[in-house]
Amino acid sequence: MAAPERTGAAETFLRRRDDARLTEAGFWVLALAVPLVLPEHAAFGTQVLIMMLFALSLDFILGYAGVLTLGHAAYFGVGAYVSGLLSAKLGWHEPLSGLAAAGVVSAAFGALSGWLLLRYRDLTLLMLTLAVSTTLFELANTWSSLTGGYDGLMGIQIAPIFGVFEWDIAGVTGYGYALALLLLCFLALRRFTVSPFGQALRGIRENPLRMRAIGAPMLGHLTLAYTIAAGVAGLAGGLFAQTNAFITMDVLSFERSAAVLTVLILGGTGRLYGALFGALVYMLAADRLAKLSPVYWEFGVGLLLVVIVLLCPDGLLGLYDRVRAAFGWRSR
Amino acid sequence: MTAAAAEPALLSTVDLSKNFGGLQVVRNVEFSLQRGARHALIGPNGAGKTTFVNLLTGALRPSGGRIAIAGAEATHLSEADRVERGLVRTFQINQLFRGLTVFENIALAVAQRRGMARTLWRKSASCAEINDEAMAIAADLHLDGIAFRRIRELPYGSQRLVEIAIALGLRPRILLMDEPAAGIPADERDLILGVVGRLDPDIAILIIEHDMDLVFRFAREITVLVGGAALTSGTPEEIAADPRVREVYLGSGKHG
Amino acid sequence: MGHAVQAAVSILFDGIAYSMVLFVMAVGLSVTMGLMGVINLAHGAFAMAGGYLTVTFLGDLGLPFLPGLVLATLAVGAASVPIERALYVRIYRRPHLDQVLLTIGVTLMSIAVATYAYGPSPLSIKLPAFLETQVGLFGRDFPGYRVFIIAVGLLAFLGLWGGFERTMLGAKIRAAVDNRAMAEATGVNTTRLFTLTFALGSALAALGGALAVDLVGLTPRFAFQYLVLVLVVVSIGGFGTIMGTFAAALIIGVIDNAGRYLFPEGSAFFIYLIVILVLICRPGGLFGRA
Amino acid sequence: MRIGSTSWIAPLALLAIAAGTTVASRAEADTVKVGVILPFSGMAADVAQSELRAMKLYYKLHKAELGGHDIALIERDSKEPSGATAQTLTRELVVQDKVDMLVGYQFSPDAIASAPFITQAKKLAILVNAQSSHIPMLSPYIVRVSASSWQITYPMGPYAFDKLGCKTAIVGFTDFAPGRDVAAAFKAGYEKAGGKLVDSIAMGGPAQVPDFTPYLQRIKDEKPNCVYIFTPAASFNAALARAWRDQKVAEAGVRFLGTGDVTQDSVLPQLGDAAIGWITGGHYTADLDNPANKKFLAAWTKEYGDKVKPDFFTVQGWDAMAAVFHVVKTLKGKIDADKAVAALKAWKEDSPRGPIMIDAATRDIIQNIYVQEVVKKGDSLGIKVIGTIPAVKDPCKELGVGNCAAKK
């Protein structure tokens, strides 16, 4: 069939597009260094890692498959309540299995709701995702005898990880636990995005009409992607419940859906590292700047969104790429 | 190439109709394509040509009548199922994955056809069967030099070729081409026509076209659609000589 | 028996008054979405602006109620023109994601500005004496202000409906909603049409916001509070249809009001269940094109 | 990934910023470090600011009493009421800033989420608000100087039945956990006194558009003598007053009772004349007539002007600082959580809200509950205190009901 040099060219192209770079290790090494160098920031760092994981899950469905949702917190919240309730109500305190349960239940819920909702598009889909997540939020409020509602779910106790690593007040154990999970999910998601399925998702994002015309089962593809994203979001929620040993119905709130959207857009969609970078910048800014002036902070976030949409639609990392290109540095 | 008479038509319609509200856009069309057909569908603007194609592909549901693929009932099959049975189309207005490279565009179709679109855990780079085939198609269409450029960076003529290349990635048995040369300057048309001429002779091709020059160079059979109904069918010579066709085209003042 | 009827009449009346506020707020969004195809989540911000301007005009400047209301409506309509020219024109042809983000951004900024200018506490307006009275209808007394709201809502509906059917502008808008390319081909200046429609929609939102102040109070969160309801009405009614928006507002307003009266504990769910059911069965809305 | 080579920037920035703060937050030796955790952004930002202002004002006026010691406030923004942020801040303040005690917690979940870490870190935590009754039971180092929802609500049950002639009543509440807590408290107090509770109406969640019309209509149709209403302060109450007027509930013979949240001083003028005659039970109103309050109001106006009126939140901040001062003075600057709690158990203070003390058994505040009637004062509205229920202990823990029943 094809001449060998052509095949080689395709493989070279794909490897250059997909393969990990040595410099990426820098991110993870530095992330690992945080609790060693600055153990007192571990608790905050854990929150950042959880936001990173949550944003990663959104990137998979929004950045790769192009599905716009206003209700992604639904899956975060389901995961949080699954692992929280397992411990608080059923007395199951082992962390890894609790986390796995969060991911599985959330993925199952994602599969069901995705199969129902993803046949719709545009504002209809937007409203449906919003309605589903708000219904869950209200359910958690109404059913507070189970969930604790606004006051929160008390009595979550998480056993030491592997029975060895105790949860310390500084949060170093939690940080390590979160970082390990983040890395695993990142590697899995990266693998999915560079697979033929990942390619099909990009195709749906770029042109759903043509994807249908080449015979792609759109609903099936999207539901699978949505299930994976929901599972990862559920893991993030489960992690949130376990590391805080406490959750309120806030885990299902619209504000959380909006925040993760902002985080992802800030970093840049469809590149995984955008989710990580966006979460870091957003959380740091929220932590450091919001207190200076709450009003200005809200204005700042709004302005940021407007500026990003108008001036750098592919986020901070996209902006960085463009700056590099403008200076003639080799990108890729 | 021997189209045995006993072999059922690859694609056929019986009494196919489509209404939008009170407006009947396609009326009772009887139509068939044999293996290896080189068929052209012509007609003035608003004759229902694109609607007819959308009925064939399953993008629209017919209001009445039946469609069969290789003799098997296909009226209610989904778009995806028809593609699986070898019915593939190209678009009059480019429908490409504009942010992706030429190679990626073709590879998407190849992966879909090979049933590998759900492969999650293998890296694309190691899927040699997809990559080889996609690159081979690119080479056939002389796209290999620009295989790793993004669609949106390419000139329009090259984009039209990718439109066809994606369809070829699906290994069609029946290929519906909606104005493949639309929007291309006259001097580049030969490139498209050359590509179409070199396609596998077993593929049944239906081409919808305004450009009579192209139609007469390509087609062995022509159907004229007017007001949603098939006015007549025949060889190019018969159609050229048919006074009703002349009247339709000259009368409505539309040509090419 | 008589008591139950009395209660039913009250619920219906209050539900209709609530519906009219929803209609006036939502109809502008419905038309702009149908026409420009832009998901404008900042629509609530324009409603809020109407509320705050009314507070300023009535409270600080001491204008009488009706002129103050009209002035606030016109002011927001006028102010929306430069905003449309500067921001919205850039996102008309952009993906929905960009539209959602930009308009959420605008809303956040507007909330911050309102907090800065008016503080976070709730504000209210003083109604004129003629609206504080009760109006006797069918042998019952109804609060005058709600009767006024219903009258304004009906006027707005009739005016818009008639305007759409009878005026040149209405015809152009309808044509452009149906088929923009065709309308442009027949010489409709869609750029100007968009600006005009946007200004009209924003002015109506402002009117709705101003009307709502005395019903639910006014805080900077107003921009988000009403947004979900307005989106619900628009998506259930279908884009670009005045009749559909009116019907959807009535359905939502009356059902929501009755639901909260009869089943207070379930009040949070009614609306969302309606949304899910309606949209799953008719994704384009009850009165939209499928 | 296109961005591979840039990915190291992110954590580097984190390290740099974090290191910066660590250096900056080193404090001097003889200063007691107090971590303040309040929602300085979000929907309760104005309340948090008011509380902080009161704390700073108290510090300014009483600094001389510290006798050579000093107090440094380290403020942190707990943002949304998710518990998570407040908990993270608690841990950071303990581990990183090495604070001697903690003050704050506006929302109940913030305190509930942080309680285990307060215990683990052995730090005194003074609740500035967080009114869920059971919170002090969650950690032996939590002391509350605000109020509990049962404390405010429960005594109003008997008062309504005995003194206000409420033979039948309805309770209406914003439909979330704190609201349901208030409803349960009123029901308990009112029915124990012999009243007949006709209905209990959930009036929509805290996130919904605050339109009270259908609920008030329902109340009117059920014709009770009185209705007892709780809404979270501020933005809901103006709407409540509008609907109350339009539905003519008072004219139908229903008397309005509620928690002090409804007649929060800073929002009272926005309620309009419809609120005249409303009666609420609360632990502070700016219109209280006692010398400590007069002094407090004068100092407040001098410092911050008369535009923003102080209310019960403000006084909670004031008294929290008073408690901090008491601890620092008693322990002479050497803060130990057990000794600090012991010191507070013996603490008595003449607060602007009247005499207050800490219940040695529960670490909750003992204070007067005032029956407040809304009256016209000049052009605006004011409060007339028509009754005082003295020295109320938190009934939830006394009775061992609701959240306070099962001690974990």
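Letters A, B, C and D mark the chains in the order given here, with residues in each chain numbered from 1 onward.
The rule is simple: a residue touches a chain if its C-beta (ideal position, glycine included) is under 8 Å from a C-beta of that chain, and two chains touch if they have at least 3 such contacts.
Computed from a predicted model, the values in this text were never measured in an experiment.
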Chain hops separating chain D from chain C, counting only touching neighbours: 1
Per Cα centroids, the chain farthest from chain B: D
Identity of the most central chain, Cα criterion: A
Separation of chain A from chain D, taking each centre as the mean of its C-alpha atoms, in whole Å: 35
Length of the line joining the C-alpha centres of chain B and chain D, rounded to whole Å: 72
Length of the line joining the C-alpha centres of chain B and chain C, rounded to whole Å: 47
Junction residues of chain D, two or more chains touched: 45, 175, 205
Junction residues of chain A - those touching two or more other chains: 138, 141-142, 295, 298
Junction residues of chain C, two or more chains touched: 265, 268
Full enumeration of touching chain pairs: A-B, A-C, A-D, C-D
Parts of chain C lying in touch with chain A, wherever the complex brings them together: 33, 39, 87, 90-91, 94, 96-98, 100-102, 104-113, 115-116, 228, 231-232, 234-235, 239, 265, 268-269, 272-273, 275-276, 279-280, 283-284
Chain D partner contacts - residues on chain A that touch it in the complex: 20-21, 23-24, 26-27, 30-31, 33-34, 37-41, 43-48, 137-138, 141-142, 144, 148-152, 154-155, 169-171, 190, 240, 244-248, 250-251, 253-255, 268, 271-274, 276-277, 280-281, 284, 286, 288, 290-291, 294-295, 297-298, 317, 320-321, 331-332
For the chain B and chain A complex, residues of the former touching the latter: 57, 59, 79-84, 88-89, 91, 95-101, 103-104, 107-109, 111-113, 116-128, 130-136, 138-139, 144, 147-148, 166, 169-170
Residues of chain A touching chain C in the complex: 62, 68, 70, 116, 120, 122-124, 126-128, 130-132, 134-135, 138-139, 141-142, 258, 261-262, 265, 269, 295-296, 298-299, 301-306, 308-310, 313
Footprint of chain C on chain D - complex, ascending: 43, 45-46, 175, 201-205, 208-211, 213-215, 217-218, 221, 234-239, 242-243, 245-248, 266-267, 270, 272
